[in-house]
Amino acid sequence: MPTSFRSDNDAGASPQILAALAACNEGPAYPYGADEWTRRAEAALARVFERAVGVLLVSTGTAANSLALAAMSPPWGSILCHRMAHSNTDECGAPEFFGAGLKMVASASPGGRLDAAVLARELGSGRGDVHAVQPSGVTLTQSTEEGQIYGREEVAAIGRVCREAGVPLHMDGARFANAVVAAGCTPAELTWKAGVDLLSFGATKNGALGAEALIVFNESLAGSLPFRRKRAGHLLSKMRFMAAQMDAYLHEDLWLRNAGHANDMALRLADGLAMVRGVEMLTPPVTNILFVKLPADLIAGLLSRGFDFYHGGRWDAGVARLVTSFRTTPQQVDEFLAAARDIRKT
Amino acid sequence: MPTSFRSDNDAGASPQILAALAACNEGPAYPYGADEWTRRAEAALARVFERAVGVLLVSTGTAANSLALAAMSPPWGSILCHRMAHSNTDECGAPEFFGAGLKMVASASPGGRLDAAVLARELGSGRGDVHAVQPSGVTLTQSTEEGQIYGREEVAAIGRVCREAGVPLHMDGARFANAVVAAGCTPAELTWKAGVDLLSFGATKNGALGAEALIVFNESLAGSLPFRRKRAGHLLSKMRFMAAQMDAYLHEDLWLRNAGHANDMALRLADGLAMVRGVEMLTPPVTNILFVKLPADLIAGLLSRGFDFYHGGRWDAGVARLVTSFRTTPQQVDEFLAAARDIRKT
Amino acid sequence: MPTSFRSDNDAGASPQILAALAACNEGPAYPYGADEWTRRAEAALARVFERAVGVLLVSTGTAANSLALAAMSPPWGSILCHRMAHSNTDECGAPEFFGAGLKMVASASPGGRLDAAVLARELGSGRGDVHAVQPSGVTLTQSTEEGQIYGREEVAAIGRVCREAGVPLHMDGARFANAVVAAGCTPAELTWKAGVDLLSFGATKNGALGAEALIVFNESLAGSLPFRRKRAGHLLSKMRFMAAQMDAYLHEDLWLRNAGHANDMALRLADGLAMVRGVEMLTPPVTNILFVKLPADLIAGLLSRGFDFYHGGRWDAGVARLVTSFRTTPQQVDEFLAAARDIRKT
Amino acid sequence: MPTSFRSDNDAGASPQILAALAACNEGPAYPYGADEWTRRAEAALARVFERAVGVLLVSTGTAANSLALAAMSPPWGSILCHRMAHSNTDECGAPEFFGAGLKMVASASPGGRLDAAVLARELGSGRGDVHAVQPSGVTLTQSTEEGQIYGREEVAAIGRVCREAGVPLHMDGARFANAVVAAGCTPAELTWKAGVDLLSFGATKNGALGAEALIVFNESLAGSLPFRRKRAGHLLSKMRFMAAQMDAYLHEDLWLRNAGHANDMALRLADGLAMVRGVEMLTPPVTNILFVKLPADLIAGLLSRGFDFYHGGRWDAGVARLVTSFRTTPQQVDEFLAAARDIRKT
């Protein structure tokens, strides 16, 4: 396989996390989360968020997101989301499935992030009108599909709008670690202190084998979730093996170190690419995803030299998405840059 | 935790399977199953079943069962099952969820297994009557909830009944390995050669961390499954870590060796218990689950001495379920028996 | 068409109800229930039940039942019902559809009616266990599928059991009028005073063209129903035409007069049949449905002479169901009896 | 109630249709559509469409639309629609409910109608990609929410695009009669001959009490519909009373005469309004719906003089929707115009 900047889900697992799997394998353990590793993961998450939190471990971000959105909305409700939201475009209708036909409604917010003022208007639409789906929640992606972040004030503004409308706020944190590192504030400040009710806390893209936590800050949303998880086939019998991943992920800030490295690599990549002739930087290097516009010969040349990344397709021709991970090495970045410079003779 | 005969999901993972996780962690891998380990697991399963098969890896048996049943039945269909079927009683309505409201209908079959003649009658009920749910499939559990098996002829009889009724047959093989060892025939003979269309092939209870394969023998049922899996949040991004488990599970017949050991331990336990005064054997030792009737003092005494198992509850008072696993040791069995004899002074 | 004792849905509409349709057709009316006829029907129902009630008019009993059951139970809940309950056997899984996969669970109650003590035990099953569907409500049929009734004390006993379990009680009153006449107590006594939370109040079988009211006694269950009704396509735009039916149905006790007549005709039929040689009365004549066991020659003879009724099929061979309606005439009954006597030479 | 131009569902029923209800009430009739009036309605629809058609009578347009869309798409499919489509905005998520979570996707087509070229592009999106909902059908509204029509060539262009993409085409014909009159071609030319697979054929807005027919031109979509209808509570027991409405609606072209009258009244209204100072005609008078921009004093004045219509709300301030019906009289139109002229002193 070529050197990949396709996605952070191409990378394997952190050695510390693999080691934790072996370490938890001694003796029997109560199944379905009644084990000590699950308790430890829950405690670790409570420390990270500086308060008691509800925790449901699941194996995919799609499951975490869909369980959250289904718990927020009745079947005749709508969830407002960004038009590019993964839950709206890349989960094959999973929120609609988990939510018994709820409606994902793309906000008219301009740009790559949800706008609190636009949301406020949209949350008022059709209220109490039996012919209309009822606005029942908002989901935002942190960091965003374009590698940007909502700062704590931006989250808080959306949180206020949700509270005023009486609906919960969900954060899809598939790349939450990358956002925390970039935001320069605490996980608590970026979530419940800013009005987030439910968080999909991703670990898979940032070093786990397959482990996500649905974090419940708003206890009134907690009751249905254990049933929903089981009913969706997402309650693991040998839960310790997922809990141990989450525990190791949080231990000694591995999650922030991994994300920090990935962000650094994206910055290194951006700094280098900005110097390559004909390259247009479309997004600033904030987290671990870059969008750049590349000349056709550069795309073709890089691919032919063994580098891999997404380009075109759902984006305009020439637009490339470059993603770094906890495993991306400075050398890989430098080789990519050297190739780019060579192709473009700069 | 006490020495557990509660369930085979108390046991951890086989060392060979843990080792495979570490081994597959080198370098990047295409996500969502486009990796070489998934190809290897698929090839291994094709060898096991002596033919090309469709394979969908998922993390739980509930997911495998529910995806299968949903693919077999329209929302207005019914799936005939044994009244004790796990999918009917212990999955929180997951088949109804995945199947958009399909109906699990408990067969009137007497005893612990489905009866082909009874099924034949039930499959004819309400056909074409718009007021009735339409019989749309059968699911049987192999080995059964009571640790017994359907022999190849018994499966084939049910398979014939299904074919005559024009409906597919699903096998819930959460403990398929234990059944294969006990049945003395090949996996192929016990499944597709006997008319099974879909198989939930379990690995988790028998040594994996969390890995099940939905095996598709009947290609006409295959089309919807990839979408159903994704939509249910069961398509793992870092699939290699599940595929590597399945590959190691099948390598050099680890799955049959593990199951054979568990079955042997149940036999050792049964042989010993039969000699304990006041113990009534309710089921013959066929696989790794025993049902026994124990005097109250024996139950209390064993629990107080650090042994753990289910008793009473959904079963009659005094009825205990004893489950062995690939990790149960002869010494654990012998200690349990010695304690039993001591309590009952035999 | 032969003289029919097949079902009360064979009969047409009461002339008074047809007249009401014409009478309400003057001038425009606000749609979707914002019209004066809907107000009048609501007021009439409040008078019938001696209290304020929520009312949702719908065109079928299946819709009324399914909306009610869905409002009572989460998707992972179960509704306990009689094994013969129409909602369980004759609505093509409609409750499962409306309830996003809820589970209809047939009670083990012996005989033709639900037993409070059995229900009490069943309502305790699996509570709080994430692997089990959660008991979430009870539905009983009044009058029953066998033409019998629950007396006010029997309803109250079930109501108490439901209250103790914290779940609501629904009454399927497709033939509620027949039950009220037979029970000799008020509609209020037979429903909310006995603990009924939701009632499907049928008018179609007893003289309307197509009009049923879902009556909400328990306000805490009311909130979702208008949305559920619209979403299911059951909110009529020209609602006045359904409301006028209901209003006329209740006017000057037409509903009770119609039902009383039907019950009387069943009694006349029963009295006569009991004198026919070889006829075995299987149920006492309580409402407008009789079950009788008839010799084969009598069944064949009656059918050949132009009488129509259900026999055999889901019941044992020789068992016939005879249903009278508001339109059945004494002469029709007498002709049926004369034919029976003639065939059996008595 | 004031003179209403709010909606054609304010109007009552045609006398001929009411008379048909009384006429069909003699004697018993087989229930659930096994009656002669249903046969007659089916035959009448076959004549209208010049071929054999499948017919499912239901009581609302929401039911007809939702049954159709659900039959077209798997739960993981999407239905492309106009952003203003009633099924997308005014049915409380009914298609998502009937379709087990299918996704209504608003086309980017500009203007008030779907554009074949835009649809062609959108129908190709995400095909075979397990992460994306699968484009599974198109629905267009005839006549449109803005009172315009798709000509036979426009329907045919969309039909071709659907056929090329291998997906069915549904027409929401809540006001199909108005479109047929305006289009100057036959019902057949406007539907199946132009590639329409399923048609919601509305009668309620145009003179029935509550009767719609889901017309099936494409037999491959027919199989599931009877079960879907029953399961949704939309199979009426006393079907004759709905069938008689449909039969009378089609008899001697009542449906076209009613619609022609409504269209004529809209034209009369448009002609008059165009002469009123300050009125801006936003849509040409094609069917029975007009959109006009009115000065604020005109809106207020008309409302205060006893005329009723929708304005503002989901449309821009000053925009009014005026709807005529089979019952609108020339005198009512003239009074409205006189009032408008008087208010605006022209």
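For reference, chains read A, B, C and D in written order, and residue numbers begin at 1 within each chain.
Methods note: contacts are C-beta pairs under 8 Å (C-beta built on N, C-alpha and C of every residue); 3 or more make two chains touch, one makes a residue touch a chain.
Source: prediction; values computed, not measured.
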Selected pair, greater C-beta contact count between B-D and A-D: A-D
Maximum centroid distance from subunit A, chain identifier (CA atoms): C
Inter-centroid spacing, subunit B versus subunit A (mean Cα positions, whole Å): 34
Inter-chain centre distance, subunit A versus subunit D - centres from mean C-alpha coordinates, in Å: 43
Averaged-CA centre spacing for the pair subunit D and subunit B, given as whole angstrom: 52
Residue list for subunit D, restricted to those that touch at least two other chains: 75-76, 91-93, 97, 100-101, 130-131, 227, 230-231, 235
Touching residues (chain side subunit B, partner subunit C) in the complex: 75-76, 78, 89-93, 96-97, 99-104, 130-133
Subunit C-facing residues of subunit A, complex: 32, 74-76, 100-101, 130-131, 134, 224, 226-231, 235
Subunit A - residues contacting subunit B, complex: 1, 3-4, 7, 9-13, 15, 18, 21-22, 24-31, 58-64, 66, 91-94, 97-98, 204-205, 209-210, 227, 230-238, 240-242, 327
